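Each in structure tokens, the structures are laid out below.
One chain, chain A, appears in both complexes that follow, with chain B as partner in the first and chain C in the second.
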Partner chain A sequence: MNGKIGTSQAAMLVVTTILPTAIVVLPEIIGTYAEQDSPLAIMMATLLGVGIAALIGTIIRYNNGVPFLDWIGARSSPLLATLLGLLLLQFYLDTSATILREFVNFVKDTVLLNTPITVMTTLILVITIYMVRQGIECIARVNSLVILLFLFFIPLYTFGLAGEMNVHRLLPIFDHSLSTITLASLTPTSWMSEVAILLFLAPYLKSPQKARLIGYMGLLFVFLMMMFSMITTMMVFGPQYLKLTAYPGFSTVGIIQIGRFVENLDILFISYWVLAIYLKFSIFLFATVECFKQTFRVKSSRPFIGALGLVIALECLFTWSDPAKLNIYNKEGRFLVFILFNVLLPLAVLLLTGLHQAKNKRKGCET
Partner chain B sequence: MKKKQQAERKKESDPEEKSIPAPLQLNASLEANLQEISKRIGQSSDVVFRRFTNESLSSLSLAFIYIDGLVNSEIINRNLLQPLMETFTLKSDSIATEAAFSMIKDQMLPVGGVKEGQTVESLLGLLFEGYTLILFDGIQRALAADTAGWEKRSINEPTSQGVIRGPKEGFTESMRTGTSMLRRRLKTSDLRIEEYKIGQRTQTGIALVYLNGLASESVLAEIRRRLNSINTDSILESNYIEEFIQDGGLTPFPTMQNTERPDAIAGGILEGQVGIIIDGTPFALLAPSTFFNFFQSSEDYYQRYDISSFLRLIRYSAFFVSMLLPALYIAVTTFHQEMLPTTLLISLAAQREGVPLPALAEALLMELTFDVLREAGVRMPRTIGPAISIVGALVLGQAAVQAGLVSAAMVIVVSFTAISNFVIPSLAIANSIRLIRFAMMLIAASLGLFGIMSSLIVLLIHMAGLRSFGVPYLSPMAPMTPRYLKDIFIRVPLWDMTTRPMTNLGKETRRQASNQKPKPQEDQQQQQNQQGGNSS
Partner chain C sequence: MKEQKHCIHKLRCLLLLPLLSTLLSGCWDDRELSELGIASGSAYDWEDNQWKATYQIINPSSGASGMGGGGGGSSSSPPFLTFAVKGKTIIEAIQRTNLTSVRELFTSHSRISILGESVARRGVNQIIDLFLRKQDARDTVYVFIAKGNAGRILDQLMQLTKNQGAGIQLMIEQESKLLSYYPSVRMFELAMALSSESGSAVIPEIRLTGKDIMDETSETGRTDLPSRLVLGRLAVLKGEKMVGWLSQKQAFGLTFITSKIKMANISFATHPQTSDKIDGSFILQKSATTVHPIWAKDHFIMDVNIKGSGVITEIGSAMDLNDRASISQMEKSIENHVLELIENSWQTVKQLNADVTGFAVKIHRSDRKRWKQIKKDKSWDTVFQQIEIRPHVSIKIERMGLSNKSFKSIEQD
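Coming up: the complex of A and B.
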């Protein structure tokens, strides 16, 4: 059921594309460099992300929701579109595999310590394939509900931690140099650049002309949530703690206690997070399938969802079996890869299209 | 070749299908017609054949056929037999058969409905509906007079959907009684009742009831198409129709509502839904229906909005409790003991210390026991019903705990789950949860909270993809339409429901005038004066 999705639904999809893994992985990476100045790094990353959203939105406005690779093929040559498609397909397969691995690693570390990774990978993959087969419209609907559900957690989180927070732990501000904050903002920028997924969601947007607005809205929400999570974590534990723990956000929730009957609420937040990460993975799998469909110009992508899922699962199990390797990739490699595919490639396409148009105009004037 | 073989194999394996013979035209001979009808219906003791002649009608041979028990014998005696058997004087000495037929049809039968039939099949259809057939010798047509009158159950209070405040009458098994109950409530010329006959052997009457201009044309067309495409030999209850026409054939969730309450059907029709009344059952259907419809009760509108809203929230909570509580208990006690404070954990552990079964087996045992008790309660004769309660409460509750088979906490969990299940106003969705609960328990025992969340996302995605006659099942939440949320989780006061709360089911229409919030007269005058001042 691949119907059209509305502007707010699409903005929420952008949120889910970025937030679930960002909120788990980024605090440690940002905190290592920027400590109490981490919010500044998030701000900087968001500003860069807004620029990327503007770029992606402009491309979608140009092509008016036509499938990205079809549009490139029509504007330049089908060969170039296929080559770019293959590169993007590789990128989306890799990204989906890393998301799946992060998901599996997290569940393995926090909830199901003894369950074999293969079982978890298979289960998650089967569920996600089902989600993708149901279509982006269904994913967008459920995504809106899951994000709304998050609003119920905020008061619990805030009031539960109110007694533990100390604002002085945020001080001193501006203690780090601009270069350090820039360094800290590189990895979050790569996360923010995931807004580029809109290129493959564009054919399903009710109003592709509002793609920029969709990107801005999504990033603004991500920014607010990241700031909320970082600031509360630092106010509770202090900036040094960010460096020491793998999942500082969940550790913070872990100290919430309601009366004398409920404590260690991290499991509740982890359960919620599981919903969100399923959606994130399904959005990426959908984009991968869409990229495959456009690259190989297949009419129906349904028979290929399972096959692509299998490739992702195998990459997840064998390429990223070492969590240290994934951490290094997130810290050092991810930025380059994401900037290349989410920023430079679309930018090059936009510039080439602009040049092509200018050339055509000149030709038109000469004749 | 392979396809051909498959087709042949299928043909061989299929049971023989009895072909429906072409309609048989009536014969001019009365004897032949009687023989044919007699052959078709066999030697049934309730079928009455009555032959006679009337000298006043030039000794024309006539025959009555009716089914004893389906007809009102008083109507037959007074309005058929008496006029046709009495002697009267015609203007001329003799009368032709055709003229006698017309005279009988137009002048001699003081009966509401008189139909003409030319085929044996059409006449038999009318005969089984309580008509009395009048066959003539020498003519290939017959008359059927409406003499229907059989024993019916009187209108009683609905047994499955009782209310404290509100109408106490429920549908009966008679479709006509049902449509009349709706007519009494919806006194508008826009009310339409379309009738269908479905089931080759049962010829069950189905009435499609809707308000013209309010029900969506596309929904109506879809319902008509699905009803017309039903090809079965029998329809005995509304579930037959429901299963044949509802969306999502393999979903555990119902996509049509069923109710015994005429006020619920009238309420649905007024909100753009389409009612389907089926002859032979007091349960009528409403379509299209979204997930949230199943949490609305007629009584929500018969009591104050604040208590109705509170009860709605209770019902949604009960839905989650009923579906998830045993699974959560299993997950927490098996995988996530750290969630519980030490004192509670010790208390639970002490209770479970002597229990030989793991939490899943314990929960399954109790849940299955409850389901057995529930089923027994439904089937048991009323007189020995209380025995079941005693056995359930004492033997399976207290004694099981004392014997150390189950823990007291598990009894509480299962009891609360069972009670929560009954809070949901619709039995259809309550039954769906019963099944889902077992799946949830198994998953919770294998994968803990992660498994529960994984199942929930599957359920959510499944529900987001469901449609009821084209209407998204989770609307107006997903896709979200905030202005239609006035009657979903809470119910706002009636004066604030200016548009129909579920207008996405039908057409966008206003239900009533705005600004009807009751105010003291002085305030209203002041407001009018202000408005007058502003306009001047």
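Coming up: the complex of A and C.
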């Protein structure tokens, strides 16, 4: 079931790993701090993201697509690999639960007001488990098709909003201090660091040596889309109004009116977003399962997908039931957690491996 | 063995079928079209310390044929019905419609929202919040202000259209496209204006021309209704509260300052040196305004540059349009007229002390440091009062229409 995926397919998976929730959650968070300087915050976050992609790409080049935890086990000790695996498993379970909660919250806020959250969570989970059981190659193929749909939505969005945009609303630039822009870029950086998911997709890459390129390509596309979304939203609403709406991107779509027959397009864009978020959740569930598989060295992960899904659903329902708690986590806690697991941990592994290699070389020279 | 496996697989599929019912999760939010009361407009008043919400619901069984649109249904039944309800909060009032209506109120297709002057004077924040927050409320509705009871406006039937909400929407769209006395204002634009640096906004007035309300379908069978809906003045809001009115003429001047002219008709004196008689019409087809704030030691000077062009459509005096001097004379006359409009408007805006000109935004964009100081000192009101405007108008008559001489000059020849 789990065939190999090509470089462009993997890059598109990176896009879907980051973009769907970023485009919904980030504009309000960035806009609150940086207002019309938000594009600068996105640029800063992307630069940091490129650094993280380089780090992850280097690790994958080193291990040449060998499962991450197996590689650590072989290089250091199986105990350390298991400990790291447990920590990473906790991280991926938490992240998947927050993605599921963001998904459910959005659908509840915008479309299904009366449908119980438990029913929505169960339904989304069942569909996603089915997707994960089909394997990463299948997810990658569907993902490529979904990304191609941008070709339909971007022109419709741009054309529909052309009359509402005012470029002067982006002024004045550099109105905020560097510290404010840095603060605004922290949360998007945590989203960009999700490129680290490549560590668990590496065994399925056709060319693991191109992992860096995959990361760069994915982040470049995410950067372009985030800039497009942020700039157009600000040109339509201005920086002050941006802070008032929970989902600025969808509010922008809501005002599109072409002639007297095309209006209220938000539901069309929400449908498309739902497609993308299903894929994002499935990629994370896949990574969670992969992490579980590598940590406990199980041959087939299929029997455990449902159980892991259940844990995620329970965490989604009970840990993140308060939307304010999730918002605070996204604004303040997410950066630390993501930097720890997506940057510092891989960096420590890389440094230790480097040291280990150097030691071995020295030993080799001495003998 | 293989058959047994096949049987087990089939049995599993059969057992899984009930699970498919979970796909019907949308059922919690299902709404039957026949059970919805689709609102085409809403009005809000503040009466006896309570919110009074009036909703205009489209009547699907109406076939009132005297008002345009398709036929069918009962011709005596009005095309829409109105429900007025009171509550301590707006939502309470909305929910109370269920006590009187057989259909659940559905506001996603609402076109207009009329605020009573009582609400506007009290503050519009709660209304804006409702439109931004409520799932099925559209922030694209056009906003109006009515002097007195806003709910009354929704009772008035219109000729040529059955859907009054959509009719009023067409009226304001047409006005801002062809007349440009003032721009149309949608709910999100109102929120944007009030949350901007200026903190002020404008809302057009809608009123009835007569005292009576034409709320019976039989009354619309006349060619000239004694009472019609008409767009009136422009209400000025500062913060969340209404502080005054601008006349149509003053509103027109403001539209020039804020560069929101799409197309406009300017009536002017063709021979201003000899007579003040207004006898010419000019259609302004293009107009753009640039505003540059200049700091002059202790106050701001706003350099307002207006450039426009258009076509002459009416001349009541003797004039040879092949003569460049005549054209320049007319251009000068139009420019002076626009300058007068701007000055008149600016004086009233200054009196109201509400920055509906958007000067605060311009100053923030061009002079960040000084704006930060103004914001820190909370001195915008004082700074605004000290602003001096220097308008420069340049109008070009591009075409003369289909005749090169006025009819009066041919008559004199």
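Keep this in mind: the second predicted complex is superposed on the first by the 367 of 367 C-alpha atoms of A that agree within 3 Å, B and C clash if a C-alpha of one lies under 4 Å from a C-alpha of the other, contacts with A are read in each partner's own complex, and residues count from 1 in each chain.
By definition in this document, contacts are C-beta pairs under 8 Å (C-beta built on N, C-alpha and C of every residue); 3 or more make two chains touch, one makes a residue touch a chain.
Remember, predicted model here, so these are calculated numbers, not experimental data.
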item	value
Chain B versus chain C as contact partner of A:N264, first or second or both or neither	both
Chain B versus chain C as contact partner of A:V107, first or second or both or neither	first
Touched partner set for A:L171, first chain B, second chain C, both or neither	second
Which superposed partner A:T245 touches (first chain B, second chain C, both, neither)	second
First, second, both or neither for A:R141, with chain B first and chain C second	first
First (chain B), second (chain C), both or neither touched by A:L123	both
First, second, both or neither for A:Y278, with chain B first and chain C second	first
Superposed model, chain A: greater residue contact from chain B or chain C	B
First (chain B), second (chain C), both or neither touched by A:Q209	neither
Touched partner set for A:Q357, first chain B, second chain C, both or neither	neither
Set intersection of chain A contacts, chain C complex versus chain B complex	111-112, 115, 123, 257, 263-264
Residues of chain A touching chain B in the complex	1, 6, 9, 107, 111-112, 115, 123-124, 127, 130-131, 134-135, 137-139, 141-142, 144-146, 257, 260-265, 267-268, 270-272, 274-275, 278-279
Residue numbers on chain A that touch chain C, as the complex places them	109-116, 119-120, 122-123, 126, 168, 171-172, 175, 237-238, 240-241, 244-245, 251, 254-255, 257, 263-264
Footprint of chain A on chain C - complex, ascending	19, 22-23, 25-29, 108, 132, 135, 138-140, 186, 188, 191-192, 195-197, 364-366, 368
Complex interface listing, chain B residues touching chain A	335-336, 338-341, 343-344, 447-450, 452-454, 456-458, 460-462, 464-465, 472, 474, 477-480
